[in-house]
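These notes open a run of structures that come right after.
Common to both upcoming complexes is chain A, partnered first by chain B, then by chain C.
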Partner chain A sequence: MNEEIIDVRGETCPVPLVETRKAIRKASPGEIITIIGTHPASKKEIPMAVEAMNLTLLEISENNGEWRIRIKA
Partner chain B sequence: MIKKNVFATRWGIIAVGALIGVLAPLLQKMGNPGNMGICVACFERDIAGAIGFHQAKVVQYVRPEIIGFVLGSLVAAYLFKEFRPRLGSSPIVRFFLGVFAMIGALVFLGCPWRALLRLAGGDFNAILGIAGLIFGIWIGTLFLKKGYNLGRTHSANPVSGWMLPLMMGGLLVLVLIFPQIQGEAKNGVLNYSLKGPGSMHAPLIISILAGLAIGFLAQRSRFCTMGAFRDLILFRQIHLFSGLLALLVVAAVTNVILNQFKPGFEGQPVAHTLHIWNFIGMALSGLCFVLAGGCPGRQLFLSGEGDGDAAIFVLGMLVGAGFAHNFSLASSPKGLGTYAIPAVITGFVFCFLVAFMMTKKKA
Partner chain C sequence: MTEKTTIIVHSGDFDKIYSALIIATGSLSMGMDASLFFTFWGLERLKKNGIDKGKLSRMHMLGLGKLMVKSKIRKAKVASLQRLLKDFRELGGRIIACEMTMNIMGIRKSDLMEELIDEYGAVGAYVQEARNSAVTLFI
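And then the complex of A and B:
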């Protein structure tokens, strides 16, 4: 299965959310998108956007201030 | 397991908006200026006056609410392990965005929070201000869609993240060492207004507690008035907007209950009726807020969680307040400042220059 990686480490609000939305728009149904970032606010915003778009939030993990969010388009 | 932050839910953000909507009119009832229970721009301007950045005698007071916002956010960030010292995303650009955001806000006479509180108090002049704010944010979102970006931030030593909270703590210490003396315009290093909006304030302890509560909850919920409109325009997402709406409705109801609701255009407290300039002033501020990534309140809350870039925006606003009053850029209830128009034009030129030059077309 295709997996799109969006690297937004160091980017601040709202860039991670904007890039995530762009990736979702381009993705085919069922495609996995992994967003890697560091901005704390975006770690909250992205899951909310995913929920609002009725997509599946697969995983949120964090290690040393770097978070990963996996979603299914 | 994905842990849920209740304040980040829809009802959480509505609760935070509603709390601000109650606290602001109550702070006004307890002494803060009319329709200015809370105003980040005005309060930072008052702080700038209190420490001598400008000499406008009627707007000088160290507003404890601002101190509370930063320290409340700091406490929340530490408690929930979200204190992340970081900086390096075009700090000097952010500084001047803060300067022009403040100039725009002082042409209108209020930040986005006060625009809502003015409307909730019956000041219909705020409608044009809010329309201008939305227009400025909309312009900013066009650049965001095209790839506008101030660049990546980097992890920093905790000392960097502590700078603004320490400064706020220092201001609080100064207030305690040099408290206001009845009838005196100065105590030690601090200026105190004897008349005008700067002389009107709720008791120190009430203001600081309200500020701490709001700072704590806003950090948890990431309450942001600019973000509310930005998300609505960009993504049709109403999460933050629902908090903003709760603030407006609850503040209006609280004002009616407290007999503070005075509908009309004329004679509104700390406001003017130059509708075009209410619109243009807030449009400039709105554009600056989008380009910097947050409304002035949000910049304070981000500063509390260690964001050094947001802290630099706040410092820009403090310096902008100094410029606004030293160079007669700020409005008053009588009308525009002498040099407000060229300052606003300069602000727009600066914003468009930054926006065009920092927009990268992505493949």
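And then the complex of A and C:
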């Protein structure tokens, strides 16, 4: 299974959300995408976008202000 | 039906172009469609190399205020207008240029970034977009 990593650490609104959307558009159905970032609002917004697009949120974790979100396209 | 955001970009001010492009790319990113209808002073920003040439809507101070804001934007690592425009197109956003404004202001297609423009339209084009939009804004 392919796994795409999107590194948006240090990026701010709206880049993490935009880069996530770009990755989702390119992904084949079922592909796993991991987004790594530091922008606090995006940690809440990416799951909202995932839900709105009927995709699967697999995992959210955070360590020292750096979060990881894993989703299934 | 996919939800849609339609924005009338009437202002050509630097900060308002930011608002329009961030809301529009944000909408696309959240899974919606998005259209931008550029009219009046907003259309100036579709001229070649014009996207970041607007004044600040407040505290422009002959360009000094804008320089300060641009420097703060860079320091805060906020994306440039060029990048937001590119992202907007890449995520499937539509751009409509107001033909009436082009006539009034003597703007020719060749003055504009034609490669970005999907349609040259009038009020009917906006209404058609807006009637199917969950969000419509005038900026």
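Everything below uses one rule, namely that the second predicted complex is superposed on the first by the 73 of 73 C-alpha atoms of A that agree within 3 Å, B and C clash if a C-alpha of one lies under 4 Å from a C-alpha of the other, contacts with A are read in each partner's own complex, and residues count from 1 in each chain.
The rule is simple: a contact is a pair of C-beta atoms (placed from the backbone, for glycine too) under 8 Å apart; a residue touches a chain by one contact, two chains touch by 3 or more.
Values in this document were obtained by computation on a predicted structure and should not be read as measured data.
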Chain B and chain C placed together on chain A: clash or fit? clash
* Asked: Between chain B (first) and chain C (second), which does A:Leu57 come into contact with in this model arrangement: first, second, both, or neither?
  -> first
Counting only touches as set out at the top, which of chain B and chain C does A:Gly65 meet: first, second, both, neither? first
In the overlay, answer first, second, both or neither for which of chain B and chain C A:Arg25 touches.
second
A:Ala41 contacts which: chain B (first), chain C (second), both, neither?
first
When the two structures are overlaid on chain A, which partner does A:Arg9 contact: first (chain B), second (chain C), both, or neither?
first
Chain A contact check, chain B vs chain C, more residues touched by chain B
Superposing both complexes on chain A puts chain B into chain C at one of 8-16, 44-52, 98-106 or 296-304, namely 98-106
Both chain B and chain C touch chain A at residues 10-15, 17-18, 21, 45, 48-49, 52
Within their complex, chain A touches chain B through residues 9-15, 17-18, 21, 38-41, 44-45, 47-49, 52, 57, 60, 65
Listed in rising order, chain A residues that touch chain C in their complex are 10-15, 17-18, 20-22, 25, 45, 48-49, 52-53
In the complex, the residues of chain C that touch chain A are 22, 25-26, 28-31, 76-79, 84, 87, 90-91
In their shared complex, chain A is touched by residues of chain B numbered 2, 5, 8, 82, 84, 86, 89, 144-145, 149-150, 152-155, 222, 227, 230-231, 234-235, 237, 239, 293-294, 302, 305, 307, 309
